[in-house]
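A, B, C and D label the chains in the order they appear, each numbered from 1.
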Amino acid sequence: MIKTGIIGATGYAGSELVRILASHPNVKITTITSQSYKGKNYGEIYENFRHIEKVCEEENIEEMAEKCDVIFLALPHGVASGKVTKEILDKTKIIDLGADFRLQDAKVYEKWYKTPHNALDILPEAVYGLCEINREKIKGKRIIANPGCYTTCSILSLYPLVKEKMIDLKTIIIDAKSGVTGAGRGISLGTHYDEVNESIKAYKIASHRHTPEIEEQLSYASGEDIVLSFTPHLTPMNRGILATCYASLNNSYSYSDIKSAYNKYYKDEYFIRLTKEGIFPETKWVKGSNFCDIGFVIDERTNRIIVTGAIDNLYKGAAGQAVQNMNILFDIDEKTGIDCPAIFPV
Amino acid sequence: MIKTGIIGATGYAGSELVRILASHPNVKITTITSQSYKGKNYGEIYENFRHIEKVCEEENIEEMAEKCDVIFLALPHGVASGKVTKEILDKTKIIDLGADFRLQDAKVYEKWYKTPHNALDILPEAVYGLCEINREKIKGKRIIANPGCYTTCSILSLYPLVKEKMIDLKTIIIDAKSGVTGAGRGISLGTHYDEVNESIKAYKIASHRHTPEIEEQLSYASGEDIVLSFTPHLTPMNRGILATCYASLNNSYSYSDIKSAYNKYYKDEYFIRLTKEGIFPETKWVKGSNFCDIGFVIDERTNRIIVTGAIDNLYKGAAGQAVQNMNILFDIDEKTGIDCPAIFPV
Amino acid sequence: MIKTGIIGATGYAGSELVRILASHPNVKITTITSQSYKGKNYGEIYENFRHIEKVCEEENIEEMAEKCDVIFLALPHGVASGKVTKEILDKTKIIDLGADFRLQDAKVYEKWYKTPHNALDILPEAVYGLCEINREKIKGKRIIANPGCYTTCSILSLYPLVKEKMIDLKTIIIDAKSGVTGAGRGISLGTHYDEVNESIKAYKIASHRHTPEIEEQLSYASGEDIVLSFTPHLTPMNRGILATCYASLNNSYSYSDIKSAYNKYYKDEYFIRLTKEGIFPETKWVKGSNFCDIGFVIDERTNRIIVTGAIDNLYKGAAGQAVQNMNILFDIDEKTGIDCPAIFPV
Amino acid sequence: MIKTGIIGATGYAGSELVRILASHPNVKITTITSQSYKGKNYGEIYENFRHIEKVCEEENIEEMAEKCDVIFLALPHGVASGKVTKEILDKTKIIDLGADFRLQDAKVYEKWYKTPHNALDILPEAVYGLCEINREKIKGKRIIANPGCYTTCSILSLYPLVKEKMIDLKTIIIDAKSGVTGAGRGISLGTHYDEVNESIKAYKIASHRHTPEIEEQLSYASGEDIVLSFTPHLTPMNRGILATCYASLNNSYSYSDIKSAYNKYYKDEYFIRLTKEGIFPETKWVKGSNFCDIGFVIDERTNRIIVTGAIDNLYKGAAGQAVQNMNILFDIDEKTGIDCPAIFPV
């Protein structure tokens, strides 16, 4: 059994991690911690766990490193990088659901997060845990940067086109729509029920921190520096991300040309499902699952491709992919514990 | 492996059944049928199953009875009772998610459903599959009437009080609120998005067909004929039932008196969770799970008890309980395949 | 033109009041105040007013009393009663949307609100502003206690039955469902979008402060002391209240007997609409309006009546009725400025 | 009083028209017609009108033309063009909420609507009723093509940039999100509550019929043929459209350069509100109103502009703008009857 610890278990991503790990056949949850709720029974914080007994402890990463084979971090940016040290990594593996180890270029990190990076010594060792793309790099590593939710959906949607140089890299636009869980459990007027319900808005236009993460990974894929437009939207629903991606095609490709490119990279990827021609992804079909659904249309009038990708932001976009990374790290079947279809209607 | 068939697999309850059975470790789904979608791949009807291949067949219950250890029926009332015969029951077990075998009193059935009963010869053999109450009667049977959604929630909420004669049986009122999946997948103006969203209404006041079902079962429990008021409400959410139950207390009971009564019947029931004093059930804490959460308040000013119970109408109120019945029938651990906490937030 | 002031203009009820008064043909809004947003332009707080200029001032009720013909108070309980004095009432009229002047029995106030009453000298002068019932008492008064939202809906639904002594007063149960705006604009985990959306719960069972308000008014109507059960529910929608009311009938009344009772009191009431037999109120049909829709069913099996009433909690349940009270006080057509049908679908 | 008739009064746009016209001070509704509900009282179809008596008649446009000063048509495409004749236009004015007279290029109409145009003789006379742009052309005309919902929002968002040639016309992408009322009141699985709720999807990618309408109008503005990408999305809310528009800037414009361009065209437009820098439109701030809110961001990294525009699809996107057109045609204050802020929260 893989002994796991979760630091920051009481946010939405942490809670989804608890839910998934609690039924994972190869896992024992050793320790869960919470700054806000230490000493409190988990079933009083998340009453869906009313039937189990598990107390939130005060965080002590050194102690946890002794007891756990892997520690998941679900913390605000800047915090994880202050906790993880080489000594910790000598004792346990780290899967960080936050942003601190996602960007290899620390200058970019500092520019977008407006804070110095706290763990420059460890950063080079971190692998960007987008499983379908970086599986081989993940194996055997000690620290994995679990990708952001928007990022996962955006990169998976565009990767084959970028890798195969089928699109003009200067024309990429990603218009993304997220459910409200993406904003976390912290209260604010912006997430007050009546302010969100029955309305949609764009926010952080051209300034969302997932932008450089998408750019860095797609730049690796293309071998060229990519600068793109990313616009997130707050959508009145709990879960789900839909990324609508636009780019000019470099050639007059047919539907099957593009399809072949996607198949080249994804045909053996269990968690990526291409929709049939004329069928577009909907977030409901991936909710509560680790799947990423991708569909595309070639607009002959403009010679653009429009790709839509859908994931569950808390599952494939956070906790599910974190467990997928764990499965890879511990060399067990990658689907273990996360192989469920969306629950629908829910 | 238990070979299972599902007749009527493309309604919401049928679909939830497919989802649960597909990941049940002891089950193989042999045949699924659909009148509306025969010949169509299930993943095109419910795209959350996009990654699997399974074709909906035309229904032939005789053939299925040869191949299946158990057949689930998810059909409109009046249809199941026309299909099940003694010959079928000699070959396979039946778990009927519809209404046809729930009422032992055929006259009551005919009065509320305004149609003669088609299987009077089989009716006496059918057991009302409310697992926590009728577990012993279910074992070894051939045909189980899986309870209605409102019914499951209402009976479980009131059973200990009725059984222990703590309430005045003439004063029972159940005010129930259901998500829209309770109305099924059939389209109508009444379930058109913009007509349901952001509004609540009562419907079928004093005339909903789950009323006699609740009355019959509670009458068995009390040994007296119970007539009660039941009011269903359509609530703007996909899933969940909350039953708010009122009754006058026969005595000035304390909180712990009542709690003892509930514990007497439920303390070993895994799927029934009593909330702590002052905490009331919410449908979100049971969504996507087989749990029934129950809480109560004693209103000293009126000497009434108010009990609230919450279930997921498609899970404990339909498919999950059907699988629980299957587990009992096939003598495997009752929790197998249905032991998951609610998914939250979803 | 009636010069009006609003103290507490930036809560949801205050904002609805601003919206209604801004288009009232006989009204000029003189002053609006806000504790949280003083000095800020109203169109930055509520961006639906982006096109108008109106700054929130610091509250000074004495100054406002000089300038305003009427002041609306939309304040937390205990605050209004600390502000209103006889001197204020000599200069202006007060319509209080809060709870402080609703209960004539100060002991009951103190018991339910757990605080002494701050204005016992003024309390006897206050009139309970349920317009359809107390219209004649309202005329010419100086201080009106605008009824609570649940209260308005509950009393209007039951008044004719109580007044005509058609129901057993000891059997009244009100099961009420409210949209989330009822909880106001103050942020909390309980009103965080993902915690409310897609779920329903009862809260403050047998302990909600609108209970004594309903009881006091219905006791006046019947001439007897009424004690009843009231259960509020939080419903996943922005606006609307549905009250489902139960009581045992004192006789075997026919549908038309009951209908006659309602007509006796309401046939000339523009804002009360009885639904046709078999049609039940839905909150969507009153949203954004001052109407109260009422329907009922006689359950012959139990000899109970079930009455459902629907209002918009922010309109008829707060700001709209406050304006209706103002219209009565200033002797203009009661419908002025509030005569609009529900906006649907919205 | 302007005598008005409405043909197709029982769809959502027709119903919103009834609601607005019923309280318009210069209007008398003479006749309303409905194919589905002829002979039925309007208050039984839309119960928010429960308090008024108005029967839906069978449509007879010739008779209506005699009695009405203006007839609004809210009909499926292809139907209006079969009804309107020169004889009708000699007797009354027509404001058509459908698509038939929006495209001046009949070939484009036939290509996108896959049907011949039925009124080629009248088409040249029709004016595209986007009031803020075509006000002067509308005056004195006999037939107005009321713009589509997506179209109104998209054109108003981009018009100044196109007119002032500040953007590269080949790079325009419009990613639009609509509430479900955009799909009308006709029932289908795609608008069944549980299929829409809590999910978002793109649909008709690169093939939605509002595309040529946007292109034609923007081409008029620019004097060049514009081909653009338009992607509509179905958003889980009743009302509202948000259009997120992307284009490459022709120069390195500052925020105030762009703002000046918008001000040049819109500073005196009451119904267009530019948001302050850093504030982005949200559909909730325009719901139930005729306003169009517009905000923009210059993305210096990509030299793109991102403009977001928000309207209420049933109001400014349909019925409200139709009334605005009527006001212009009949030379009364353009705001009459449609000057209300959004109702919030609703």
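One rule holds for everything that comes next: a residue touches a chain if its C-beta (ideal position, glycine included) is under 8 Å from a C-beta of that chain, and two chains touch if they have at least 3 such contacts.
Just so it is clear, the structure is predicted and the values come from calculations on it, not from any experiment.
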- Two candidates, A-C and C-D; the one with more touching C-beta pairs is C-D
- If chain centres are mean C-alpha positions, then the most distant from chain B is chain D
- Query: So what's the Cα centroid distance for chain B and chain C, whole Å?
  - Reply: 38
- Item | Separation of mean Cα positions, chain C and chain A [Å, integer] | 46
- Item | Distance from chain D to chain C - Cα centre to Cα centre, in angstrom | 36
- Query: So which stretches of chain B touch two or more other chains?
  - Reply: 12, 181, 194-195, 197-198, 237-239, 282, 284, 287, 345-346
- In the complex, the residues of chain C that touch chain A are 12, 180-181, 185, 187-189, 191-198, 237-238
- Task: Flag every residue of chain C that touches chain D in the complex, lowest number first.
- Result: 12, 15, 19, 22-23, 46-52, 181, 198, 238-239, 270, 273, 275, 279, 282, 284-289, 291, 293, 339-346
- Item | Residues of chain B that touch chain C when the two form their complex | 171, 173, 175, 177, 179, 194-195, 197-203, 205-206, 227-229, 231, 233, 235-240, 242, 244, 246, 280-284, 287, 297-299, 301-302, 304, 306, 308, 310, 345-346
